[in-house]
Amino acid sequence: MKSDIKLIDGHGKRLDGRKADELRKIKIEAGVLHRADGSCYLEWGGNKVLAAVYGPREAIPKHTQNPLKAIVNARYNMASFSVEDRKRPGPDRRSVEISKVISEALERVILIEQFPRTMINVNIEVLDAEAGTRCAGLTAAGVALADAGIPMIDIPVACAAGKIDGHVVLDLGQKEDNFGDADLPLGLAPRINEVILLQMDGHLTMDEFNKAFELAHHGCLVVSEMQKKALLEKYESVVQPEEVVQDVQPEESE
Amino acid sequence: MTVIPSIKSDYLGKLAEQGKRIDGRRFDEYRKIEIETHVVSKAEGSARVRIGNTQVLAGIKMDIGEPYSDSPNSGVMTTSAELVPLASPDFEAGPPGGRAIELARVVDRGIRESQIIDVDKLCVVPDEKVWMVFIDIHILDYDGNLFDTASLAALAALFSTKVPMDRFKPLFEKLKDTCPSINDYLQQHPTDYPLPLREPPISCTSVKFNNVVVFDPSLDEEEIAEGIGDVRSHGARLTVATDEKGHIRAMQKGLNGSFTKEEIQKAIKASIDNGNEIRQILYKSVGKK
Amino acid sequence: MKSDIKLIDGHGKRLDGRKADELRKIKIEAGVLHRADGSCYLEWGGNKVLAAVYGPREAIPKHTQNPLKAIVNARYNMASFSVEDRKRPGPDRRSVEISKVISEALERVILIEQFPRTMINVNIEVLDAEAGTRCAGLTAAGVALADAGIPMIDIPVACAAGKIDGHVVLDLGQKEDNFGDADLPLGLAPRINEVILLQMDGHLTMDEFNKAFELAHHGCLVVSEMQKKALLEKYESVVQPEEVVQDVQPEESE
Amino acid sequence: MTVIPSIKSDYLGKLAEQGKRIDGRRFDEYRKIEIETHVVSKAEGSARVRIGNTQVLAGIKMDIGEPYSDSPNSGVMTTSAELVPLASPDFEAGPPGGRAIELARVVDRGIRESQIIDVDKLCVVPDEKVWMVFIDIHILDYDGNLFDTASLAALAALFSTKVPMDRFKPLFEKLKDTCPSINDYLQQHPTDYPLPLREPPISCTSVKFNNVVVFDPSLDEEEIAEGIGDVRSHGARLTVATDEKGHIRAMQKGLNGSFTKEEIQKAIKASIDNGNEIRQILYKSVGKK
Amino acid sequence: MKSDIKLIDGHGKRLDGRKADELRKIKIEAGVLHRADGSCYLEWGGNKVLAAVYGPREAIPKHTQNPLKAIVNARYNMASFSVEDRKRPGPDRRSVEISKVISEALERVILIEQFPRTMINVNIEVLDAEAGTRCAGLTAAGVALADAGIPMIDIPVACAAGKIDGHVVLDLGQKEDNFGDADLPLGLAPRINEVILLQMDGHLTMDEFNKAFELAHHGCLVVSEMQKKALLEKYESVVQPEEVVQDVQPEESE
Amino acid sequence: MTVIPSIKSDYLGKLAEQGKRIDGRRFDEYRKIEIETHVVSKAEGSARVRIGNTQVLAGIKMDIGEPYSDSPNSGVMTTSAELVPLASPDFEAGPPGGRAIELARVVDRGIRESQIIDVDKLCVVPDEKVWMVFIDIHILDYDGNLFDTASLAALAALFSTKVPMDRFKPLFEKLKDTCPSINDYLQQHPTDYPLPLREPPISCTSVKFNNVVVFDPSLDEEEIAEGIGDVRSHGARLTVATDEKGHIRAMQKGLNGSFTKEEIQKAIKASIDNGNEIRQILYKSVGKK
């Protein structure tokens, strides 16, 4: 859908005042739910996302059990009231696809071979949606998994870049997504520096792709630090302050 | 369902016989209630309610639709509840089961039968177009007493709701051609306005186990009442919605136990008292009175 | 939905000529189906209801089995042609809820601990509907269970009271239900005198509630006698007349 | 499926070889047939039919809807069947499976292809509004031969049906504005009138096992034909609908066995004879002729 | 649905130029799919049908297993684009019924007792539809089963006859089916000469039935020869020519 | 899923380390591609595409429907994919699962986002009636690389599609009364005409296993990448659609492995090269250029 809206002005300023390489405002909170084994609340621009992890526990129904590893069931779900026109409850084709690519991305980082015959359920609820929910969801899932103490090689993180009015920019907002030229959501395992989620819609030259990839990659690293900070804050809130310093410093130096 | 070790079940049972609850509450005492509104910007109205660790988000969406043929000048309301697996390891993804349906219908009746929403004021074009109000209940964290938390979240969300006149301007413009009588409505309502509401009844729920009746049951207490793992247990649940005048507006008994008449009468009275307190918390949170 | 219909006149007479505390005409027949283990046909005003019981038999699917007790599956179903506007076949939200509250009410009276790992299926078909079908259904289920020889502490029974034009009355008819002020269906275990089903919609003061409860309770006891009579008639029709007298008298004296 | 002990199966098989059936009937003989109409007051038409212990209730509901584009002046009919678990421990709740669908479609074809309902007389506003006839088959008690019992119940219910002019008066009044041509129809039909019907074919079903063909099979006989528990068995079922002139109007072979041409021809002839008798029972019960 | 179309002219010639007892053009090819255990592609007039056989293999879910024999799951499916107005994907009531009668017909000829606890899946896809798809489907299934080497007492075959403008004719085309008087699809086990599938819609006198039956029976035998030829050609294409002659001759003489 | 014996998996892995594939192809080489159009006469367009042993049939049906409110003058397209059990013992009947949905959505985006179909030319009556294009993907034989085979089949089918003016004549005649503006459209398009299309991007898929990336994976290679039976395996899949100018139009990474940036860049380049070759095969088969 095209329109006459000008998405970026002569000074490289975007509709919401951001610069090309600027993220929307992000807030991450770990351990927000009582019942879940691990959880995360994340606000990313106008997106509000909750993630909750349950498991590992015995996989049911039994025929889904894998004798060699855990299965990871990520379930991305949008609340009926999270979008402009009310969404019917239950999964649609879009959420089934997103659940699949997020599950696959998480399987890359979780040490699934440590928990044969089990399942790890990762529930992602989008409460308020404003472009970029799959990146927000994967990022929240990463924090919730760490909060649940699930062993991982890396805390997964995601961020998108895209193209608007011919310019490559970081982290598209709603109108940029609706009326822009391309969107490139990128999921990263930051420590091993490998791509665990990648999709692209629109129109990019090779050069634009390289630039967008760099931007999104950079975005991932910035968000990754926020993830660690949120986990640290949760940790600090439950243990003695002096202990925290000792335990967490080495983690940060990585 | 999580199976509570029978040792815990026995312990809670024994405490109950001594007139005590594990968290020190009185039998008719609620956990801390917190209400936060306007939590979802895409919704016409929304509220997050916490009762203890239980947390429910209700969102209101509105749309223009056709009235039912037997009430051609009244708006339409619908309530749905999802027990999403985020909230509990015992909730499963998939279409709503008996439990979610009972919850949605009890919340729905509490609002519908008490005529909280003044549906006669939601007519846009008589006989043709009316507002549809969708109440969606999303359970976020489950630690007992879904009925009260969900009902209260629905109420708080309704009180925070604005009829989205601006969002529907394009549709209204289009309707002017076919339904000129829409102009009356548009002149009266040039912009977003609060959903027309009446005074709300408040739902209060108790469960019975080991011959005591406790209000605002925690998950542990509910599981004992549900007789998880205990064949002899016949627990029962009672939800009573009462209004400001102390009148009864809805009741629902659940679980495979039973109540005596006296227990029911006592529960109604405690529901009226608790309801009055909860109503004040609701009013305060939505800036009413 | 309100209307100008006058539901009760100056002499306390209702639309169908009944007094405030008068039941509609009720007819109960036990053992009417060949295939079922127990069955009941019940007419209650314009309601026509069939109930059939199968079991106890091994619960399927297996994972539903409870090692300590039988599970009770009541299924309340309305025939497509039982209502003014044809109902789509299959369960709707209303019938799912009614099935649930009836199942729970029946579990209270059946000695479920005597039949671990089994299920007892209670099928209630509403063939003709005219207000009060859940009470009619629970009442018919009680007779069908007794006819099937399922051990129970009590034969469950139900009856509603309500409020019309400000008057508390027994057993609402169709128009009284549509245009009345309140409906209070009550399910009773009559011997232990405990409430096993209770719902209320509408508007009742505490005094009105007490009055309505008394009326409905009284209605339950009247219908309970009809249940026993129907079972007695079924019994008489299959055994020798002289034996009947001996066997059934003690039962009646309770 | 209930497994008949093989001893019973062998016994019925042996009897059959001697030309006998366990209840003493001839091979082409039906059990007692009882028809009762007007059994459901909310329906436009209804009938309960018993063949032996098998019992089926059919109800007819009518509504106003839009015609199919390839027959703009004809009413529409739909047949559904529910094998509700009330009728048999082998019937499961849930959406109709292969068995219920085959039953509904065979009953439907018997009525549709024979053009029993004069759909051309069910047009209300040409091109716009026609009557829709819903035939719903409810199995109440299952002791074999559902096809014939259900077909006969559908027929009897149709013969008891009145087109509900009075019930739809409010809708007709509304339609007068947009479709003035409805007045012709309303003048011709000022009040409820019998559904316009033609002469009905009658369905007769037989099953083959142990090389004999028996009509109106009981549940025991059907189970032998279905080869429950017996791997070598190849039973077969044949339903033939014939009209008053002895013409064939519909056929359906079922089960995993086979028929010879001669067996089929013989079954057609017996279906004509039985059909004539059953038609008289039907006519008598509905007050025709 | 009736019309004024004249389906057969004074010389007994039909709309597409066929005589009363003439089949549409039929083309059968065996072994056309790589993955399936056996397969067949069949064109019959405007019908295009693919059949693929998988099995016997362990029946799942387990509770469907029969300890005495194989279960045969025929699945008749129409592609969305195979008909004039796009069909919604997935089974409708018509395809459920056809799947059932074809499954039952196949169970008659397959030696199911040789493969207890297994299932044999027969997938029939209608890619292009022009009247007579159930006969085309059963015929293709027969070839695919033989191609898969499933032991059978007979290769099943099917063909329809019908009545148009009062004349009994073989193998109805689309308009003959839409506007004709009767259709009689017949499935045959040709060697034992028994009827395994039979349906009839419309209006036939006893004499017309006998005539239609004879025509359809004759059609079955003609198509049966084409089935054997197609299997022979597949066989010839994979083995040495000289071997073929020896092996297949006896088969043909039966 | 079929479990490949680990001996085969090991063998393919070892071959890969030596730069070889079991069928002798280079890592970036496709199997033989065959395209046949006009294979289904009832469809508006159709094509059967074979890549090696994998075989996919795509059919296009068109209908007249209403536009979306946010694009009132544009046609509508929908893509569905069925993994029918005909094509593989691992495909199950039933509603589409995650795999079929991902396939349909990736094919759909490749067409939709590249704006291959000129939907602005599919408006019949502005604001009211537009053409709906249904792309249905039917997998016939599954030996790996469904994404490319299905995308190519969809493209070839679209290029063979004629807008069915003649078939919809009766509907158009009817619409003349209510929408006189349809006459413009009918004058411009008196008879069937080719679906208006732009230049098509081509999808090329590779999988990574044992640290090599191979294009057009066979089923064996896909199963190794999916890590069937091998817990340590983390294979990954990448689909890249590129256009004639070498621009990227869509990407989709799949499976539970990962790629480095360099691997992705290399895959894009190989996709452009392969895409150009495949585009020529497509053009030749549909008589373009």
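Lettered A, B, C, D, E and F in written order, each chain numbered from 1.
Quick note on the criterion: a residue touches a chain if its C-beta (ideal position, glycine included) is under 8 Å from a C-beta of that chain, and two chains touch if they have at least 3 such contacts.
The structure displayed is predicted, hence computed values, not measured ones.
Chemist: With a step meaning a move to a chain it touches, how many steps does the shortest path from chain C to chain E take?
Modeler: The least step count works out to 2.
Chemist: Please flag the chain sitting at the greatest distance from chain A, going by CA centroids.
Modeler: With centres defined by C-alpha atoms, farthest from chain A sits D.
Chemist: If we define chain centres by averaging CA atoms, which chain lands farthest from chain C? Would you check?
Modeler: Centroid comparison gives F as the farthest chain from chain C.
Chemist: If you match contact pairs by residue number, which of D-E, B-C or A-B shares over half of them with E-F?
Modeler: Comparing residue numbers across D-E, B-C or A-B, the repeat of E-F turns out to be A-B.
Chemist: Using CA atom averages as chain centres, what separation in Å is found between chain B and chain E?
Modeler: 58
Chemist: Based only on mean CA positions, could you tell me how far chain C sits from chain D in angstrom?
Modeler: Chain C and chain D have C-alpha centres separated by 32 Å.
Chemist: So how far apart, in whole Å, are chain A and chain F when each is placed at the average of its C-alpha atoms?
Modeler: A distance of 28 Å separates the two centres.
Chemist: In whole angstrom, how far does the Cα centroid of chain A sit from the Cα centroid of chain E?
Modeler: 53
Chemist: Which category does the touching pattern between chains fall into here: line, ring, star, complete, or other?
Modeler: ring
Chemist: Take chain A as the starting point, go toward chain B, and spell out the full loop of chains.
Modeler: A, B, C, D, E, F
Chemist: Show which residues of chain D lie in contact with chain C when the two form their complex.
Modeler: Going by the criterion above, the answer is residues 39-43, 46, 53, 55, 57, 59-61, 63, 80, 82, 84-89, 93, 95-96, 134, 136, 138, 140-143, 167.
Chemist: So in the complex, which bits of chain E are touching chain D?
Modeler: Result: residues 1, 68-69, 93-94, 96-97, 99-101, 104-105, 107-108, 112-113, 184, 189, 192-206, 209-210, 213, 217 of chain E touch chain D.
Chemist: Per the contact definition, I'd like the list of chain A residues that touch chain B in the complex.
Modeler: 33-36, 46, 48, 50-52, 54, 57, 75, 77, 79-86, 89-91, 121, 123, 125, 127-130
Chemist: Which residues of chain B touch chain C once you look at their complex with the stated criterion?
Modeler: Touching chain C from chain B are residues 70-71, 98-99, 101-102, 104-105, 109, 113-114, 229, 231-232, 234, 238, 246-261, 264-265, 268-269.
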